[in-house]
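Have a look at these structures, which come just after this line.
Each of the two complexes below includes chain A, the first together with chain B, the second together with chain C.
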Partner chain A sequence: MERLLPFLDSVPEALKGLLPEMLLLGGILLVLLIGMGKQIRPKLLAAVSVLVLLGYLALLLPVSIDTTQAMGLGLGVADGLGWFLRILVGAAALLTVLISLSSTEQEGSYAQQAEYYALVLAMCLAGALVAVSTHLLLLFVAIEFLSIGGYLLTQFHFTAKSAEASMKYILFGAAVSAISLFGISLLYGFTGTLDLNSYDFIRGLLSSASLPVLLAAFLVIGGMLFKMAAVPYHFWMPDVLSHTPVPIAALLATLPKLAVLGILVRLVKRLDDVSLIFVDAAVDWQAILAVIALLTLLVGNLAALYQTQLKRLLAYSSIAHVGFLLAAIACFSSLGIQSLLFYGLMYVIATYAAFLMSRSADTHQLILIKDLTAVGRTHPWQGVLWTITVMALIGLPPSLGFTAKVLVFSALWESIQNYYHPWLWALLLVSIGATVLSLFYYLRIPYYLYFKGPAIHLSGNKMSKIDIWIGTFLCFLLLLGFLMPNGLLELIYRVKFAF
Partner chain B sequence: MYQSLLTLLFLIPLLAALIIALLPQSLRPYYKIITTSSLGFSLACAIALLWGFDSNAIGYQFYEKVQWFGLSLGSLGKVQVNYELGVDGISAMLVFLSALILLIGAVSSWEIDKQEKGFYALYLLLSASIFGCFIALDFFLFYVFFEFMLLPMYFLIGLWGGPKREYASIKFFLYTLAGSLLILLVMIALSLSVIDPVATGQEMGLSATEAFEQIKNTQGQLQKYQIVAENQVHTFSLLWMNDATNFVPRSALSMVGGLQFWGQHARLWAFLALLIGFAIKLPSVPFHTWLPDAHVEAPTSISVVLAGVLLKIGAYGIIRFAYGIFPEGALYYSEWIAGLGVLSILYGALNALAMKDLKKMVAYSSVSHMGYVLLGLATLTIEGVSGAVYQMISHGFISPLLFLLVGVLYLRTHNRSIEDYRGLASRMPVFTFFVIVAFFASSGLPGLAGFIGEILIYLGAFKSAGGNAMVPYWMALLATLGLVLGAAYYLWTLQRMFFGAFWTRKPEWEPLLGKLSLREYLMFVPLLMGILLLGIFPSLILDIISTSVGHFVESTLQVGEENLRQLAKFIR
Partner chain C sequence: MQVAIDPSLAQIALFILGGLGFVMISLLVARLIRPNRPNPEKLSIYESGEEPIGPAWMQFNARFYVVALIFLLFEVEILFLFPWALIFGDAEWQAATNGRWGYFALAEMSIFVLILAFGLAYVWAKGHLDWVKPNPTISAFKGVVPEGKYQSINQKYSQFKHGAS
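On to the complex of A and B.
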């Protein structure tokens, strides 16, 4: 009891840093309570969710990003990296709620249900926890939390196909979770602690044989690569995205990926530090990451070439973008981290814009690219928004996508200059080639929008006013970010992260 | 008055594009007027530019610089991107050419009758980015304009083009993007290697004026490893990239201890990457296959701009970036560059000889003429480089006229096959007169524009073969075959299409082949005057470019040799 009391005393202090997340928790309960009423009040549910998420972001804003301090009883860390990812995760959830407001008939009635909003908030909460965790226990719990939310959300078309996609996701996910839990237990066996920050952890790693450590680390990192949909853990992504409503697809394409970026950076950095000290059998983590990034780029881009469904195409394109994110991590430099964050931000905006704009073709649940035929001519503004989005996805100026790509390439060049690493060189060349390759499938969108004709759906599409406004806002951000990146770059530069 | 002339130059079309995009459909008749008048205003700016240009001064004039954004790299210093504009003689001339051709292209596009709004807005965006390319002094800014050109072109060819337009537009996009990514690679490596000595001086605590005096001092310290990375301000500015002492030692592209790949120094690879990137745009054989497709499918006005201006950006890029930044590459690979040039001249001409489509024939003649530019540049003699620039300008007058003339025929009959017409001279004498002048000018008849450029290039090639040995004799000799072939395909076409008894494949075309319209005269006459003027008074252009060309040749040779000698220590 004597030992417990001071511990209990420290709990409120420890939870203070997690105040935004507490708000989310309250929001989840509130949404569920509202849902228990007899009447279905989708507008109220959405409003509450939006308010909660805005509150979450508002509470995060004053948090200092220049310092790093442990929080949540040493399970996590409040640093700039975590802060940035929490913001991105919150923004993604907010956008999802906003674009669910005007879900079309074809997408189904998911947005009527309290569970849906609760799950979106829960995904945000889980993502935020993953982003700040430095303790493998919290990491595992939060990732599972994230996964379960994802499994459930995949179901929200309530069709046999979406059940199938969800089942694939669950089976694959469960297996990967088990494997990564096994990896965590191995690490615990080697070090006697799960706290990545603790001295014991490093000492334990140093005093154990390198091969088992490598194996264990592989297993743990596999779990994160699964969430990011990096090769070879990418199979779930296209199926899941093509069978879920647009807002959920966008959420699943962005939120989990961003959430695990932080811990991936921390873990790989720690392992690399350790492996530098291993003289006998040093593990080249940079090469491993570079190869994974390279494969992800190739697989994502090559597979995207053969898609006829728009959401499947976007799924493979998002796999390709993960390749760029991993490439930024593989640089192992501060410029690499900066470009990672910049790219992550661009990725969220462009992905949401793309998924949102896919509604301009929304005629059935599986959106085909050819459904876009002549939309650019019948609805010029939607065509313009699509074009800006595609420019950002390809990485053409004047869009944020260009700046993001230039930053990643710069980080790669700088690392090549510092490390003379042949795999980084290969990665740079492949990422250049992948950009050319991506042109083939991205250009298919403007091709159908403008070049093909005549329009197949003369009645036009049913993109609502609010969707157009959100799309316009996102595209405006994509252009503005290119023209005035100064503030963003300064912010990202100030982002410090623990070890 | 002249302070922000360059900004004005590209801002006007940009604003006009915005205005057209915002105007309602009911004001459709005004689109073409807005487009034409805004480009007319740009032409006025370009004329003011030439008027105020001091042709005796070395260096960039009408200089503008504003900081755009900076990227902190922490312990590695920072990278600064500037909005930096300026022109020398070569680019001033090219700006004038672009303004004129874009205006004529705008007049020519009055015949567009579907989706005018999109067409004119995209055309103006294209114009703005073309101007931007020629006036940007910051590599990043240049690249932005260079890349941004792709999307308007893609839509302009793909939406308003001929039957195979989709294929042609995507081919154009892919080729150019592949090339520009090579350029991007080099650009990024450069920005990580080059510092801005003035800004670095300021970072080290010197005041702005002091720092300016101490550029040499700063550079010296840099080369002695005395500037810590934290203080280095990296730059994309061309002004500093030209000087090897601004390269951080042991960085990827520095002379001292730069990277090596497959036994070759990274600077030489970077030169090759830039050369290929811009040679795709030029285009030179074997990267040329996008051009005939793009030309054949593009609407007339876009063909005019493509041939008249866009191709010159490739040549300009080689001069300014490939040669300017890596002069040793220009020396090291001179024979290869000349070889590519000769290959383009001959292969382009032979292809033109074999074409049945008049527009394709003209397109291949462009490939052939751009080969001359490469050959002229490779010689690194005053004559050769002046000739190359002259060829760029004269081709910028002749090829638009050729495409417009083809457009005359196509507009009337929707057919361009050479073998479907005979004896056109008897029905369309004025048209035939313009064709004959354009053909002769293009094949290099003395007294017309094409002659001066070509003769200067041959002079340069032979002088180089006997002097600085950049181009071997046999290449110079082989290249003269290009003159014969050029005369052959033009004369043969003239004979087949225009002389003899009048005949057309379909009798219903006969009444269509009538007089030229006023608008057509408006486009042809200025170009014709230009061709005559340039042919008779070459000094009009040579005066403006001579100082810049002289400086360019001298510094390329001098710095290139010096660099090559240093690199030889590092090359096995």
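On to the complex of A and C.
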């Protein structure tokens, strides 16, 4: 009763904090409204989606990132980490809409449908909510929202293969959701609250035995690892990515992964705080994360060696990148979080560039690496863009990928100095080894582009003007970020996260 | 031994009895006033137009799923409306907040219901509520046997069929 008035007073403030997300909600309804008409207006739909996403990003820009304050009636937190992830999620959705403007004949007619644009906006909304959540209830609802969007978008080739991929994704996802919900209910049983920031949560965890807490936390974190496609939850990724149109594949490879980073960091931090006080049976979360990161790096890179399909290769490479993201989290330091954000940004740009460039071999729905044969000689500019993208994915200078990898390695090195942790040593060695290993499969792309011949699909290698422009812009960003990283680094260094 | 019974259980018992009584009375009234003309179709178990006895692994018409999904949408709406209705008009809360609570709750539920209503409008406009009618194509085949022969044979044997049941 006495809490009622302060609650009502806090509602306008909460709505103000969620203004960007409410704009997205309005955009979803507007896009569906346009889709209700008899005529098909794909241009109008795309224009509205782009405007809504630009508005979302514009509303986010003035938000302060130096402070940490509760938002959304205590369900979330407005901090630098959440802000950065919200921007990345919005940028990913915007790029998806932009590159679906020039969808090719092989990709099908998904870009004509209002539902497609509504789902992309919905994924962005769900991702933003996951990124800011500190409350397990909001987390579960938002992750489900994100998953359902993903299941539906997987289906947008409208072929038997995409139905199969979607079905695998749904079955796997539904099982993981149920498991994660079970974990959340266990945590609620131990603590009596779902709010990660509340004092009751910490006290409840401290007063229960460590094994059940470990189990429950593992179940909850499993749900997030599934969205990130980390080992052992990575099986859905190659199937889903290889049977969806390019813009959707790029969206599914980036947006869900980035969205869950924020809550994963917050939850692991909370659990780690608790286990530091648990002297008798401490759970070493750093070791657990380091092992998951290590396995993800190994599986992603080793499996990528054997791929002949381009999109499958990119899928395994994205699993390998998730390994680096997890390694940055496992540092448990401010520098780790900063390198995580830097890596996340690089990952979005490079992934979109790679998926976009895969259209240069888009002669049938399953794009083989072989289809790139001699494209570098017949279409020189496409070859240049491909080379820059591949350099960023490997982490070679002069590209943003190099800076990002150096930051992750230096964060790991700093943590090794601080914690003297054997698993961090192993992680550092494996991540360096994985980078070397990745040379072998990534370099196959330039090899086919320039050294193999003769060309097999001369007519299929044409990319539309818009695609070339967007690809050029993304590659320009990749180079610019390497040459002039100061502005970006200053922005990222403002994100303080006390570990 | 005395067992203390929660008085609220009596309300639940009353609810159950009332529910059972309602069903019984309406069945009884129907029995008294309805005409009684049974046939095998009518006597079979009602299963929404499906064959009631047989394996459950059979193909359903896909349009059942669409209708079921839309039904679910509004069932969930009702599920949320019930607890909302309990606290919406709480006089104590209203008094404590000078009526602001009521406006807040009303606005919140209006947004929820409007979005769901939008969903209904969407499926309506998209034609998902139209029950697809089969469109039989009449064969252009012309047989040598005159049409009247078929009719007389049908009539002759239909007498046998009805006689058997």
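Couple of notes before you dig in:
Here is the rule we use: the second predicted complex is superposed on the first by the 485 of 499 C-alpha atoms of A that agree within 3 Å, B and C clash if a C-alpha of one lies under 4 Å from a C-alpha of the other, contacts with A are read in each partner's own complex, and residues count from 1 in each chain.
As a convention for this text, a contact is a pair of C-beta atoms (placed from the backbone, for glycine too) under 8 Å apart; a residue touches a chain by one contact, two chains touch by 3 or more.
Computed from a predicted model, the values in this text were never measured in an experiment.
Look at A:Leu29: by the touch rule set out above, it reaches chain C but stays clear of chain B.
In the overlay built on the shared chain, the residue A:Val11 is in contact with chain C alone; chain B does not reach it.
Applying the stated contact rule after C-alpha superposition, one finds that A:Ser180 touches neither chain B nor chain C.
Chain A has more of its residues touched by B than by the other of chain B and chain C.
Residue contacts after overlaying the shared chain place A:Ser49 against neither chain B nor chain C.
In the superposition on chain A, no contact is made by A:Thr254 with either chain B or chain C.
Touch criterion not met for A:Ser102: it reaches neither chain B nor chain C.
No residue of chain A lies in contact with both chain B in one complex and chain C in the other. Interface residues of chain A, counted against chain C in their complex, comprise 1, 4-5, 8, 11, 29, 32-33, 35-36. Within the complex, the chain B residues that touch chain A are 69-76, 79, 115, 118, 140, 143-144, 147-148, 150-151, 154-155, 158-159, 165-166, 170, 173-174, 177-178, 181-182, 184-185, 188-189, 191-192, 251-252, 259, 261. Residues of chain C that touch chain A in their complex: 92-93, 96-97, 100-101, 104, 115, 118, 121-122, 125-126.
Taken together, the chain A residues at the contact with chain B in this complex read 334-335, 338, 377, 380, 387, 391, 396-398, 402, 406-407, 409-410, 413-414, 416-417, 420, 425, 428, 432, 435-436, 439-440, 443, 446-447, 450-451, 484-486, 489-490, 493.
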